[in-house]
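In the two complexes below, subunit A is the common chain; its partner is subunit B in one and subunit C in the other.
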Partner chain A sequence: MRIAGMSACVPATVEDNLTLPIYKDENEARKVIASTGIERHHKVDAGTTASDLTVKAVETLLANMGWSAQDVDCFAYVCTSRDYIAPQTACVLQDRLKLRSDCCVFDLPFGCSGWVYGMSIVGSLMSHGTFKRAILVAAETNTQNRNPRDTTVRPLFGDAATATALEFDPEHSRPMNFMYGVDGSGFDAVWAPYGGMRNPVTPEALEEKEVAPGVFRRGIDMIVNGMDVFGFAIKQPPHSLKGLIETFHIDVATVDLLLLHQANKFIDEKIRKAVKIPPEKTPYCLEEYGNVTSASIPLTMVSRCREQLSGSDEKHCLACGFGVGLAWASMEFYAGDVKMVDVIEY
Partner chain B sequence: MDIHEFIENFAAQFDDTDAALFTAETNFKQLDEWSSLTALSIIAMVDDEYDVIIKGNDILSSDTIQDLFNIVEKQQ
Partner chain C sequence: MLKSNSNFPLSFTLMENQVKEIIARVLNVDPGVITDTLSSGDIPEWDSVGNLAIISTIEQELEVEFPLEDLFDLTSVKSLVDEVNMLKHA
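For the complex of A and B:
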């Protein structure tokens, strides 16, 4: 299996961290920008869903590749911002995208590790040879399930949808290698306590409370326990990447691109230094888009590596996604001659 | 582990606070410059210098630098 094409769609509305109304002055905003590297993010208008962004990303990708929706044998939707509690959003998207009725569609409700898990799952399905063409979507509307009056999350997270076209092509495919990781004891490091079966939505879950100075949340809002996530993110991703490098005898000097989940610059730089890959091989897009969870690795590829990945010489890539779960995954792959569509706006 | 070195490393995470203010008994969360971002720097420093990953709760439950030192020392 090889990556044949990639696209990304972001909302047109931009929120600049420097002018967010949640800070007492610009100085406070500047400190946050300096420590995270995140200057702004794109935000959907109320009512726009991750699946809306997805339709635009997928239709544009198919058109640019000359694929018909009818050619797609498998459609995987990595997303936690689902349209409805039931059914899974991939079913709704089958109809909206006019995919075949015998297309294999499913949701993968992963967060930041989702694109890597998705590549592994779809790659395994395709390796049987019955699917020739697949679309892997990684999409999220993080601004909608977090409280806009929560200073710990608003400057960090943005919205995006990405589409990765995968093709069964044994002649031009190189092996992909994966390492997985999970620590369920950290389930409450990044979570939304209410809205599932454990804690259903009640009137109390919808009440907004000031849980710390400047931090307002409802029970249904996503909580990010910054200190615990940080401690996890500086430990497990380097460990995972080092494990991948060791297990699959990867010569780090031959790596062209280190594609990291765009958590924040401070965390990502610690990971990069731990695996000894130079900064010029480690692209970032978080300054412009913030943390877009599962979409962040493919968005980095689309927005920052278009020329490199569309060239005919294959690039040797390492990727690492890590976050909510806590779950993480690393992969090694090669990509070249990829149809890279520029970032489009919704 | 040496408490004096720990205090020095701790103080190095602050930009605007007089280094003389840092002692084993300093209530670090009472310092004007203390913020959630400083907390992240402390977690990173402890990882770099002592190869220990402390939890958010370790910081929340510590009042003084000595308290945090004790937690890190126990985990080493």
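For the complex of A and C:
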């Protein structure tokens, strides 16, 4: 299997962290920008869903590649901000995108590690030879399930949808290697306590409370426990990448791109240094888009690696996604001659 | 005016004051708040974002590189001062 094409769609509306109305003053905003590297993010208007961004990303990708929706044999939708509790959003998208009725479609409700897990799952399915062409979507509208008056999350998260076209092409494909990890004891490090079957929505879950100065939340809002996530992020991703490098005997000197989940530049830089990859091989897009969870690695590729990945010489890539779960995954892959579509706006 | 400390050389006291000054400035609080025993969570300003801001500013201004494996423990005035001291004298 090879990556044949990639696209991304972000909302046109931009929120600049420096002018967010949640801070006492600009100094407070500057502190957040300095410690995260995130200057702004794109935000959907109320009523726009991740699947709306997805339709635009996928239709644009198909048109640019000369593929018809009828050519797609498998469609995987990595997303936690789904349209409905049931059915799967992938079913809704089958109709909206006019995919075939015998297309294999499914949701993958992963967070930040989702694109890497998706590549592994779809890659495994395609390696059977049953599917010739697949689309892997990683999409999220993080601004819609986090409280806009929560200073611990609003400046960090953004919205985006990405589409990765995958093709079964044994002659031009190189092996992909993966390492996986999970620590379910940290499930409440990044979570929404209410709204599922364990804690259904109640009137109390909809009440907004000030849980700390400047931090307002409802029970249904996504919460990020910063110190827990920090402890996890400085431990597991470097461990995972080092395990990948050791297990598959990867010569890091041959790596062209280190693609990290875009959560925090300071932490990502520590991870980069731990695996000894030079800065010029580690692209970032978080300053412009913030943390777009599962979409962050493919959005980095689309927005920052367009020329490198569309060239005829293959690039040797390492990627690592980590977050919600707590779950993480690393992968090694090669990509070249990829049809890269410019980031489009919704 | 920096005070000398009978138990440590002046350079340690200077560095300790520099660390405390950075913490106060980054958190935008009165320097008198930054006591020897202060830790993350003791004041609302020293949350996870504040902690990252402190660590990254100390690295930049005092020209040290905190090892990845030590980062999680750098959540108090004492641990930050001790770590900078250790790195400066390594």
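Note that the second predicted complex is superposed on the first by the 346 of 346 C-alpha atoms of A that agree within 3 Å, B and C clash if a C-alpha of one lies under 4 Å from a C-alpha of the other, contacts with A are read in each partner's own complex, and residues count from 1 in each chain.
Operating definition for what follows: a residue touches a chain if its C-beta (ideal position, glycine included) is under 8 Å from a C-beta of that chain, and two chains touch if they have at least 3 such contacts.
Quick caveat: nothing in here was measured; it's all calculated off a predicted structure.
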Clash-or-fit label for the pair subunit B, subunit C on subunit A: clash
Partner chain in contact with A:Ala274 - subunit B first, subunit C second, else both or neither: second
First, second, both or neither for A:Pro213, with subunit B first and subunit C second: second
First, second, both or neither for A:Pro238, with subunit B first and subunit C second: second
Partner chain(s) touched by A:Ser296 [first = subunit B, second = subunit C, both, neither]: neither
Partner chain in contact with A:Lys31 - subunit B first, subunit C second, else both or neither: both
Of subunit C and subunit B, partner touching more subunit A residues: C
First, second, both or neither for A:Gly226, with subunit B first and subunit C second: both
Which superposed partner A:Thr80 touches (first subunit B, second subunit C, both, neither): neither
Residues of subunit A that lie at the interface with subunit B and also at the interface with subunit C: 31-32, 35, 152, 226-227, 230-231, 234-235, 266, 270
Touching residues (chain side subunit B, partner subunit A) in the complex: 35-37, 39-40, 43-44, 47, 53-57, 59
Residues on subunit A engaged by subunit B in the complex (per definition of touch): 31-32, 35, 152, 225-228, 230-232, 234-235, 266, 270
Footprint of subunit C on subunit A - complex, ascending: 27-28, 31-32, 34-36, 152, 212-213, 226-227, 229-231, 234-235, 238, 264, 266-267, 270-271, 273-274
Residues of subunit C that touch subunit A when the two form their complex: 26, 28, 40, 44, 47-53, 55-57, 68, 71-72, 75
